[in-house]
């Protein structure tokens, strides 16, 4: 059984790899490399897999799950610049892929009922990524 | 190949385990334990897995699948109180997890083309569960 | 200029006019008259009309508007039974129309920047009402 | 008859009035005043009112309307920092209200079939504004 | 008070004015003039304005309103070719504008509690029209 | 890591197997067998699985992925009649299942970073299919 919580946050970011020059970055990231940044309303969907506790009828209390996600992720990234303001993203190019993996690292150790199953991070209506902890 | 039908129903429920006292229930279920109940517009998404029939180009006729879901589940729970009005939910604490498992038990035997693959039950925009028949 | 805030709440209700007998109520309200109730995830959208304050660039701070709606409406109706638990709905048949008008009466006096323009109350994906304070 | 086109863009912004000190800005804009900015996926909905041309059955060709909105607004604000990168927003505090009015000024003169009726600018799922050209 | 019902239908259509030649039609309608047609999932939202009946708490029973819309409009256009299969659309170029007006003519005389206020017809996520009975 | 792009197209189709007579087709496909066709706004969601390139922080550039989907699929089916206008669908009964498999065959060879993981094809809000390349 999998339970899923959906939360949102709004943030600015710029895609740029400082190891490479401006031409490389413009070619790879196009307008996502805009020097002053741009931004998104991100939607993060966190899934936890486990057995139903027969006493409560729940895998994990969704209020508790949402509190964990807020404390560990969304309160720390909401209304920030992801390139500059977030301690656990220092040195990370804030693509959706890298963000999903970084959020996984924040969340997996904090889930103590069931196990973290999947993070879906939606950047726009058209773009999203799914991460299930591969390569960890 | 998986085919998926989305249906909705509206119902009242209260989360409460009668084996425990009021204090336990308030701590575990918080405002979901409101004595007079509360309610939701549930969204149920039913997926069936199978091979494409080369004569029809379909795994299962979605009209037929929706008829099964309506007859076996949504017509029996729509505009009801899930704690009191539904025969197959007697004695079940109506959490989303328990509902998804109970709906699976109603639907799995009735699918005769392909096999039931997954039930997603969405309680609100923010909360949902996924059940794939584990432990059956 | 109109600014709009969208909030949600989940509640149980039953449509029944105690002045009339069971047959009348069943004919008028059909399954919405289920004795043990049913429920919805309501979406309330509150619009305020006013001029842009040139110092702030805002008609009304949307955080402040949402605080008012929460304190005056959604915190009082969320996870309740609308027929029984809500003081300002005593004696009101909780149709979407009557709810929208009752919410208007709670909100209009509390808006002190701009004026309340419109309440949209969505009961399901398919049913909603719009109220602009007529007949007040 | 009103015809409506929906477009999207993603941008960073910061709410800050440079006429006032940090304390004033923090009190008025709270986390929207984050110095490095934050961002949104904006949804802009542009409505044009007019008569149906009996030869074409259309008020205005929606492809043409969308071309105007792209050329005059969304191509100029998409993947930008609204405080710094957009010529027609110089000196404008980029609240949703001020953006809607600025977009109106860009669009109204360019609509030559029918007249611009309404701009809805949605900043998040929860916050939006409606502007109909008042005070122009 | 306005009450609103949302219904859907799926249909094929082709935009083409037979009074004009192929070149004119291609220029005006572009790919919407594809000779074998294309199609949409239309969303029709019908609003009725009236007073709340104090006995029922309703302006008009939404079940009854939806029955009228189904019988007069959606059952007659769902899973059809709008250019060829629908009696009340003979000779009408099936643009969203013309469809909204034709649907209004079908619905307005059938609403006997309150009055028809507005029809919104959404052709795609990006394109819609609003009709309020002007010029009738 | 899975990255996902969402695109849309609008098309007409008719479900009919010419090997069988009118009675068989009417029984199997019901109103989907309407001789002049009907249509949908399809939503296609394409997922690619791969490792994050540490230089770019991306599995595959979503702009590039969307260009592939447009060139290979949506530009060829948008505003067409799926039974008659599309070369790679000749002889295919255009059910959602058969379309998803045909789109897979167009896309899989063209993905050169990561591998095609899943195609979701949504025909209406209520009906969709998921294909992951089984039986290829």
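Residue numbering begins at 1 within each chain, and the chains themselves are lettered A, B, C, D, E and F in the order written.
Quick note on the criterion: a contact is a pair of C-beta atoms (placed from the backbone, for glycine too) under 8 Å apart; a residue touches a chain by one contact, two chains touch by 3 or more.
The shown structure was predicted, so the numbers you read here are calculated from the model rather than taken from an experiment.
Counting hops only between chains that touch, chain B reaches chain C in a minimum of 1. Listed by label, the chains that touch chain C and also chain E are D. Under the contact definition stated at the top, the chains bordering both chain A and chain F are B. Ranked by separation of Cα centres from chain A, the top chain is E. Among the other chains, the CA centroid farthest from that of chain C is the one of F. Of all residue numbers seen at the chain C-chain D contact, under half occur in both copies; the interface is built from largely non-matching residues.
The distance from the centre of chain B to the centre of chain F, with each centre set as the mean of the Cα atoms, comes to 29 Å.
Chain centres here are Cα means. That of chain B falls 34 Å from that of chain E. The mean-CA centres of chain A and chain E are about 42 angstrom from one another, to the nearest whole unit. Looking at chain D, one finds that residues 125 touch two or more other chains. Contacts between chains, counted with the stated touch criterion, involve the pairs A-B, A-D, A-F, B-C, B-F, C-D, C-E, D-E, E-F.
Only residues 1-7, 47, 51-52, 55-59, 61-63, 66 of chain A touch chain B when the two sit together in their complex. Across the complex, chain A is touched by residues 15, 17, 19-20, 28-30, 92-98, 100-101, 125-131, 134-135 of chain B. The residues of chain F lying in touch with chain E in their complex are 8, 10-13, 31-32, 34, 36-41, 78-81, 83-85, 124-125.
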